[in-house]
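Shared between the two complexes below is subunit A, which has subunit B as its partner in the first and subunit C in the second.
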Partner chain A sequence: MNAISVTSLGSLMPEIILLIGGLLILILDTAMSEENDSGRGYMAIAVVFLLAAIVPVYLLLNTKPHTALMVVDVDPFAVFMKFTIYIGMALVAITGGSFMNQHVKGRGEFWTLFMFVTIAMSLAVSANNLILLFLSIEFLSITSYLLVGFIREDQRSSEAGVKYFLYGSVASSIMLYGMSMLYGATGSLMLVDIGKGFAANKDLGTLVLPAVLLVLVGLGFKTSLAPFHQWAPDTYEGAPTPVTAYLSTASKTVGFAVIVRVLLIGLGSFSHEWVPILAGLSIFTMTVGNLVALRQTSVKRTLAYSSVAQAGYILMGLVAVVSSTQGDLKTLAMNGLNGLMIYLFAYLFTNVGAFMVVMAVEAFTGGSDISAFENLSRRSPALAWSMFIFLLSLTGIPLTGGFMGKFFVFGAAVQHQYYWLTAIALINTGIAGFYYLNIIRAMFFGTSGIGTYAGEVAASGEGTVATSAMSISIPIQIGLVICVIATVWIGLYPPSVIEWANNASRTLLGLGS
Partner chain B sequence: MVPLSWYLVLAAFVFSCGLYGALVRRNAIAVLMGIELMLNGVNINLVAFWRYGDIIDKATQQVVRLDGQIFALFVIAVAAAEAAVGLALIISIYRNRKTVSLDQMDLLKG
Partner chain C sequence: MDFSNNQWLLPLILFWPAIAGILVLFGKNDRVIKWGSILASLLPLGLSIMLMAGYDFTKGGMQFEVKADWIPAINASFHLGVDGLSVPLIFLTTLLSTLSIYYSAGTITHRVKEYFIMFHLLELSMLGVFMSLDYVLFYVFWEISLVPMYLLIGIWGGKNRNYASIKFFIYTLIGSVAMLLAILATYFATGTFDIIGAAAAKPFMDIQNEATRHVISSLVFWGLFFGFAFKVPSFPFHTWLPDAHTEAPTAGSVILAGVMLKLGAYGLLRIVLPTFPETSQYWSMWIVAIGAIAIVYGAFVCVAQTDLKRLIAYSSVSHMGYVMLGIGAAASVLTPAGVQTAMAHFNLTQEEVLKSAAMAINGATLQMFNHGIITGALFLLVGVIYERAHTRELAKFGGLSTKTPYFYAMMLIAGFASLGLPGLAGFWAEFFTFRGAFALVPYWAAFGVIGIVMTAVYILWRVIQNVFLGEYDATKVAHWTTVDGQHADGPTDMVGFEKLTLWPLIAGIFILGIYPTPILDYFNASAVRFLAFVHGLL
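Up next is the complex of A and B:
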């Protein structure tokens, strides 16, 4: 038992920086009057502090694993996830910031919550204790409920908020019941001690299955695994698009990080019990997500179901990770876990970018229906081409980040002889190609023509608006350029990112690097 | 002393009542009440496991661990925060729609 020390504060520097940023916005908010407050200052503070928090995270990337304040694990895995989360949130803040400033009342509150939700995610990925785990996940959830329903005047936003809240609270209560069973079985709240308790006493095996199922309800909700995904399409569609962007990427990253930590550290000795469950969930998730996405007409909703399907592919990484003996893993280039991390990293840029294109189109046409994307290439070639790259990456075409992720995850599954799982995933990738290509077709070879994309425009007889060029603001341009470059860059096998992921996954698996 | 299993049965019963309410009721407030009931079921579980666990130091006869209780306290605090946020969201939708019935929240579907 070591007390709070200055050195452990160094490991928490990213969270401390974010906390200062959040509180600064909160203080400034009380000093400013609502009328002459454009929110640009808050946005700038949020972006600066998010970028500032990336610096200590970067320095911690190759750190020796240690524990700060007894409950916060600072290991390469957690640091990699934090790195991913901060970059994602900074991108969302840069691109989506002006959209939010236009649409919400109480801008100071919005940006404060935005900073706090980042802190919550950051703590959740490094929690090694059930109390901190539950608290940070609840912190993340409760803040997200508010952000989803933040545009109170918009009925869709508040409906999305209520639905997210009700599904989310039920899921996290069920997860909590599972956690109480883990505590009861082993008498400890620390994940490491839970792991030791289960390893020492094989009689506890009967408890593992119900406990894992209950915990997976809550975490499956966060990562939108089927059958706990019903909230996702409604919430993604109704929420303000920047909030959707981070819910489908950063928040999902947290869910996977927590699943990995709980299952590998807490329940690693019973992997034969939960691997089949995960494999089943993975297949069900990708199939349901892709099949339902096929019949969507709204691009935002299509992307929501596509993000459900992507969660299924990502989960494959975890299915493959524990199924071999530990000695075997040392020589493998693909141990599953590194695939999961690379996938999440690539998926972040791709999906944030895709939702930002949707946001820009929405701002211009007032809707995210597929017809709003008709002939986008003529109205705004830049938007259409960046969307093109994001959709290729989501499909998993080589030379994009999405391919890299799929390559590592599918490769791990093949190496561990999960041929049937890989086959189903490949079929699903093919199905997914249909609806991604459908959006591309609409953007470049739209047939239904000019003026139909927004009913109002056609009705008011101003059909010519459709051919006029769409103007994109500079922050959105910057964000999109970063997302496009990162998506392509990850597709070119960047040694540094892969090395971080390898290092982090080996450390978490207890192999050393 | 009452055996541990009695507490666990009570906790499971309270939790199941809450889950049933949360899944079956169509009124958002009633669902919220079900969720609170679920959390209270978990609290009984946590405190019972704590009480029947290995908490007394043999040499000094003093309670050395409080983790289960602390967890239960945090759960109570989280439940309060959740109820506050939930009610705020429900009120905001009630102002727009004049209803809190989940069946009538049907703008988003497909």
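Up next is the complex of A and C:
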């Protein structure tokens, strides 16, 4: 057993930086005790510390797996996930920060919580022990409940917070029950030992199904897998948009990372038991998400359901991962897990970007209904074209990150001959096209019948739609530029991302790098 | 990347439209954008003529190849190259793009900058499909060609454009995802994304169990086939086409019919037939049937149309049926066993069978090229009348021949070429296709001939007689204008820029009608080489 040493603290540098940042804001907030502080200073501290935390994470990307403080695994998989999460949180802080500063009271508290929620996510993806796993997920949940309901004057925000809390606490307790089964079966809290215990004793097989189902209730809640997704649309819609942006990306990344860890390390030897469950969840999630998204008129809700559907695609990666260990070298290019990681990484920029556009439109028009997006290409070409790229990425059109994610995930599924799963994913991609294109239609095509011909343009009259130009604030501009560049970069020239994901997935799967 | 040996040529043709698009982005006013776009589009056209001139027939095969690493983790590379199949199609793409851009400069008046950027992107993506020798690259270009076309229909289209554009996008999206899955399956069977390399590796043929081999290779075949057939579009996947064509702006229809439909047939010839000869042969009768039914069905539907543009759109379904018929006929003799069967069945020598197969492919490929020119001209002509009458309903026209003689003459030439009059371009393609098909699949070919007859019916009766002959009735069209949207008392004849757009196509129709060899040589070289390849004679 590793002793607590100074060297292992080095591996925890990112978390330590974040902790210092969070505490600094907390202390400043108490010390200044100024009621109407603009919050800009806190935001600056948060952004600086988040960016500072990305540096050690980046340096650790190709680290050798090791354990810090006995319960924190520092392996490339965890580091990749942290990298994703920190970038997402930094983007949200940069672009959404001023929105939050305008709309919330107690800005110091907000930014403190924002830093703490990042630490919680960071620990959750690293935890190799059920206790830390549960604690960090609870930590994440509780801070998230607060952030969702942070705009106290806004009833919808409060309602969203309560809803999230009610669903979340039930899901957590059910998950805890599942975890207790794992502990009871093997007598250990360490995932590795649980894995060994299950591998050694095939009689424990009867316990796998209930335990997996119970654990998946909790984690499915975090990742908004159907049928545990009901909270998502209401919460996403009611929560302040920056909070929604991180809930649908960074928080979801955590959920998937934990599912991967628990199932692959803890229950890897019983994969035949849980792969069908995951496959079923994947199909159900993408189909429900897409079908319900078709009926939405609010762009925010559409994106919420789309995020449910995307979770279904992402899960395909994990369904396909298992038999990879028997593959030969040639087939290992797509082991499923790297698809899941690339997908999450690309999805982060795409979805954060999409929610930023929603936020900008909301700030200008006061709503996120599809009608608020009408004629956006005239009112703000930059916003419209950014959203266009994000929507193409969500659809999975090449030269965007979303395509690379789908390419690797579908590739893994085809490789393992899950033809029926890929067939359903194919149909779903078509269904999803409808509602993504509907937003593009609103933004670009206008409402009245404009023909190609001069006479018709004059006759049709575009007076019915607001055409006043929209201005976009500088932070949102910066955030959008980063998101667009990253989305296109992952689609156009992705070798570095693929290499990180390959390395991480191979290490976790024990394939050697 | 090594740039000696003319390797700069393909990347320059390919990426020049992207550069042009970026330049347009900084264009200050509409005039500069329009003229800049026209001038910019001349460069790829000139270079593609250079490409045709520079292609070495004695060497054959892939030339001007460029290869660079792209995504090493999955062996995907940036691999371009052209052979006899792609060279004329690249020329067709650049020619129609230039003409469309020139025509659009005269007719597009709103959101000019976006329009021309989209058009350059469209050209880029189509050229990319014809040049790619890597599956991933091919797929990337294939998919992104959807996006500018979707916006062209959606922003600059007619009244029903929302429905038409989304239908176009979703149909082709589903088709292409099916294709993606098949591409991935091929990749896992061969370990390479190289199109030529995968064909050489004979994917799935190493599976011992015959039933499994058949099921898997058939699944992959149909996955690819769906992707390509949606684009062709062959019956019964054609329903997006009339809507998309009818709503698209004129230049959009020209590109859609002239080039984009060929992407599907090109995919069949470049990927499906060489990579899966056994499976293609097994299913060849389906391709033949789909093609023959499309010919006849498309022609009959044409006769029933009341909208001139929709009629031309359905004629594309019918004419692309020839392409499928030719490809299917050739597909039936891709293996020695298939050749033996055909020899025994139709009492032919081996040489005759292979010659017929080459004929069928030549007919199909020549039809791809000629249909591009002819239908391009027809859609432009529909645009000409629509600009003036603001309606395309056949019932509203009549007796235009005396009012607009120039327009009448152009329509006659394009129409006769479309119905396959000897001496015009359409004839040779039909001749070769049916010559090949009659030898290999006589019953279906005989069935397809009904379509030829019906083509004459709809061109002569529905188009020529309905629109141009008979009595001119001034009250039928509510409001005539000139092409600039000025009031006019009746139909006005074609103006300079319209004539200039059409002349290259009309000239092409005549030249290729009298002497098809210049284009046919390229196609024939690739057809012969392809047959030699699948029969292991290379």
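Points to keep in mind about this one:
Here is the rule we go by: the second predicted complex is superposed on the first by the 482 of 513 C-alpha atoms of A that agree within 3 Å, B and C clash if a C-alpha of one lies under 4 Å from a C-alpha of the other, contacts with A are read in each partner's own complex, and residues count from 1 in each chain.
Keep in mind that, in the parts below, a residue touches a chain if its C-beta (ideal position, glycine included) is under 8 Å from a C-beta of that chain, and two chains touch if they have at least 3 such contacts.
Only a predicted model underlies this, so the values are computations on that prediction, with no experimental measurement involved.
Contacts of A:41 after superposition: neither subunit B nor subunit C is touched. Applying the stated contact rule after C-alpha superposition, one finds that A:10 touches neither subunit B nor subunit C. By the document's definition of touching, of the two partners only subunit C reaches A:411; subunit B does not.
By the document's definition of touching, neither partner reaches A:65: not subunit B, not subunit C. By the touch criterion defined above, A:434 reaches subunit C but does not reach subunit B.
By the touch criterion stated above, A:134 is placed in contact with subunit B alone, subunit C being left untouched.
In the superposition on chain A, the residues of subunit A contacted by subunit B and by subunit C do not overlap at all. Those residues of subunit A whose C-beta lies close enough to touch subunit B in the complex are 130-131, 134-135, 138, 142, 145-146, 149, 152-153, 155-156, 158-163, 165-166, 169-170, 173-174, 176-177, 180-181, 183-184, 187-189, 233-234, 237-238, 296-298, 301.
Contact residues of subunit A toward subunit C in the complex are 330-331, 333-334, 377, 392, 395-399, 403, 407, 410-411, 414-415, 419, 422, 426-427, 429-430, 433-434, 437-438, 440-441, 444-446, 449-457, 493-495, 498-499, 502.
For subunit C in complex with subunit A, the touching residues are 70-75, 107-110, 114, 136, 139-140, 143-144, 146-147, 150-151, 154-159, 161-162, 165-166, 169-170, 173-174, 177-178, 180-181, 184-185, 187-188, 191, 219, 249-250, 386-387, 390, 481, 484-485. Listing the residues of subunit B that touch subunit A in their complex gives 8, 15, 18-19, 22-23, 28, 31-32, 34-35, 38-39, 41-42, 45-46, 49, 53-54, 67-68, 70-71, 74-75, 78, 81-82, 85-86, 88-90, 92-93, 95-97, 102, 105, 107-110.
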